[in-house]
């Protein structure tokens, strides 16, 4: 059985963010009793991201979040490290690991050169994970980098290990869509949503599930990180427009961007890079004409919605701290009439 | 036959934006051959909006639009005229009318006092309406004000006369939702969307309609203006959060915030006003606690989706310039198997 | 006697915004008793701005203003008409004139094609000008276009006719600075500031002037529009950064961005254009490396400060409505010990 | 000899940010050979900042910076920890310390309750400090808290230990101004500027210093963090307006917001707090009328300029890594003719 399919656009060969350019994804998963958490990294290209920076922009759909690095991305239109995802309280450890990696690669960093801008996204996995332990270490980030591959697992892995979505098991999901000669890939860390609003590929599943339910359910305390990658040549302003469309895909799953949900999107392109050193030539890159963005916007919304569905679909049940557990979407579907 | 119902929250007595406070809505409709356009006004309270300003904030979901007044609303957190909606090329005439109305009420304006900030929203009705005629006059604005009532018509009226949505007849729609002792009202000027993406209360109607279609359809060249009113006491920052949720309701109808679509939301509260004169007391208003916003967010998304559905549902067929016409949603529904 | 010189960078041949590319500036000045106002236009290149759009971005330093067109500039990163400046209540007339000009040039506009985005900036000249008369007509805009030249007058002309700055006569000022093979030009509409804060090329002139003064002076009710043009190849994000530096030049003249002052900057480049039609090739333009922006930032701040000084310096005394008049900076300087 | 005085408004009793409410400031200074760095904390009130959150807003004047916490401050309009300042590479350690402090105070945090939003600002002190050692530990943050007092030292202390400004020794500076019954306090971490642009209380000192200089000087690689506190009752939108005025004070010292300088301002009020728990009453606080903000804007610009001057004035010479050292402003002034 495959996960429900979103939209009519074709997916790339892997239906994953790694269908775009040379993108690779790596996980470290911590599964030790009450510690159910991890790190996921997205490596944007096979070179050195500090030397060859990646054009990017973000859209903060709801800013109840603690991700770091976006102020500089917004100003300079690039990022310069692998992208890291983890739990809310482990951002400090992971950003330190990013700093040390960049220092190791560049002895001038923090001396003749300026510093590096860590880029770490987070969601709060505190329902399943004993987040107060700050269990993630710098070493976990390095291991996630070492694990990176174009082929990678979805669901209850990496940063997604302890995440919940729609009061079910959430986690990491990915997808891709091809349109007009370009590919748009998505990777999400899904940790949001109230079950009664869950809409699965257009089906109001949440209402079916909760029809006979008595209690009030949980408030939407989670968050979602939504990464969009494309090989289309876009500048930072256009990438901001693309990032904004993540919200459309998210809304179609039932979210209204809840107060307590840090709903944050980052879009980047692999079509060209920006050199760190000013004596290196700047790319003479013709960007896409603005009117050619619409197909990419549809692809982005579909890829995000698909990635969310995939996160739910591939999630395995997790038993976490204090006996907390989350059912999975597939369990639920099996039990429905 | 009634329009499909969105969500489970109860509507107010009119299922209209006028369920909030003393809000009234007035239309002027121009229906003269190729001239199919008009003006719609939303009067926020029964007093003088310049003397007692209305707390508000906007969310520019896609900024391909020519609305005026939002820079100052964003800075000062209030507006100070009735809200006007019209076609893209008539913004100048309507803003002049707003200025003259404010001057008539306040002889000091532009002399001892500063000026007034016109607030005019627009969509491009050029498919049905001969927009190049700049047919709207200042007098039309005044007539729309005079026509204002808590009971008002939806569909192909006022600013909505010439609008198209999903390649069908669009226009003015309204709705309201009640939650936690507060009401959220919505009024939209719907002029957006490609038919194949139309989702009607969760039903993928657009795909059903276009299943046997050969041609490519039209690009999304329209726009949507989304007004949200509430009687909950919110400050400008909280109103911006509410405005942002209009995007969730919009996305559920099938929009991905198309490149050419000016998707703009304004949220305001009727719970208190801000005096123009500094010698008048400022309101000692306790705002809603942030965690109490979630129910309002759900109400806002539902009210916006319902208002869009209502705009389509109540639209009458319009024959416009050069023989252009738009079918209505109800026609389509009657013909479907 | 020449105006005081700001900074150490060389000016272009005209010390004017028209040192950049093919920029031309035109004025219409209305001088009829209580009517002391006008229109100024900045024509960005010698071609058709709708067909070949100009990359641009804005910085809203204080948004108490009624300028129109910036929402779309922010979204799309271009403008597509000449830039117009006028008084606050004449924005409607001038935007209509811009629409009619674009319609005349493009019969498809508002029919097969979408609409045009008017770009009109304003300040409130109501102290000298009887702004309530809405004296500017569409014809005035066309005349200003016809008057445009690379050589143009500063001071109490065009949109600057009725403006006040630092309780002195303000108006139109311009300047340019050359650095690193590029030119940065500035044009301001100066209508802001309290006299006691006036700082003229570093000299605390305002304190000298008001040392023997008894009264409280006037609150800062004005505004300033600051245009920055450059021939350096910058994208919209970089142009936003440049626009932001207008605030540094402004602050050095004594402004703290007063509550009632609409302080708005627009930066644009003449290095390349963006075609309206998607079948025309997009420019394969290498942008400036980010680290090469600093010299431009210094040039921008100096050019803005110089343009403000020039607006004051070139202002002629104006006798306006109800016997209101403004002294000029040169009068003041002659009387100081 | 006292530091040059900025403006004409009176200072509070301490001429320090601690003139506002119950604000206290604490430092930890690391002075061990090449390690010249530290932590400074600003405690906003004597209660628990998580339980009683502080209304705040930021202005990112130039976003080349790695501060954390601002996304959530922007969304929710409050912060909920003491404010911390440190070097760029120590943000991770300090944010972890903030998390642990909040966890210790609130056992429900990360379990029944959501998480906490760390708020850490940074500048790059890598010229004097061996920043690659990541020398700051979590314990240093706690010690800085313990050291906090309304009376505190300025200059080469705390986070300011290794900072440079205008190629001189920079660091921590503070000031306050009183106007209209309210106080505005400022605290800066000054680490920005090229010496030739240094303007000291209106005197173009940088040009005097560099008149006989041959070399090119250093590019502006630094940053400045600018905190503004007031006891005036302002909401988050108004506090954003206040924060924006920090840029005016900064520009008057000679900055044009250099490309490489993370120029970031945060404004907060001590007039009221926002309870964490929704069952606690929200404050029924009348805010200041908008027209009463102008005096505060002048006070904010003056306080920021004074705080920058004070940072330079109070700086002691520091000998750092690899024999790097910075002269102080007072040394320079003594040697000038």
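Residue numbering begins at 1 within each chain, and the chains themselves are lettered A, B, C and D in the order written.
FYI, contacts are C-beta pairs under 8 Å (C-beta built on N, C-alpha and C of every residue); 3 or more make two chains touch, one makes a residue touch a chain.
In this text, all values refer to a predicted model and were calculated from it rather than measured experimentally.
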Longest centre-to-centre distance from chain C, chain (CA-based): A
Between the pairs A-C and B-C, the one where more C-beta pairs touch: B-C
Rounded Å distance between chain B and chain C, as computed from the means of their C-alpha atoms: 33
For chain A paired with chain C, centre-to-centre distance based on mean C-alpha positions, whole Å: 43
Residues of chain A touching at least two other chains: 62, 75-76, 241, 260, 290-291
In the complex with chain A, residue positions of chain C that touch it: 75-77, 235-237, 241, 274-275, 278, 281-292
Of chain A, residues touching chain B in the complex: 61-62, 197, 199, 202, 204, 219-220, 241, 244-245, 247-252, 255-260, 290-291, 293-294, 297-298, 300-301
For the chain A and chain D complex, residues of the former touching the latter: 60, 62-72, 74-76, 88-89, 91-93, 95-96, 99-100, 103, 109-111, 114-115, 117-118, 124, 126, 131-132, 134, 221, 260, 262, 264
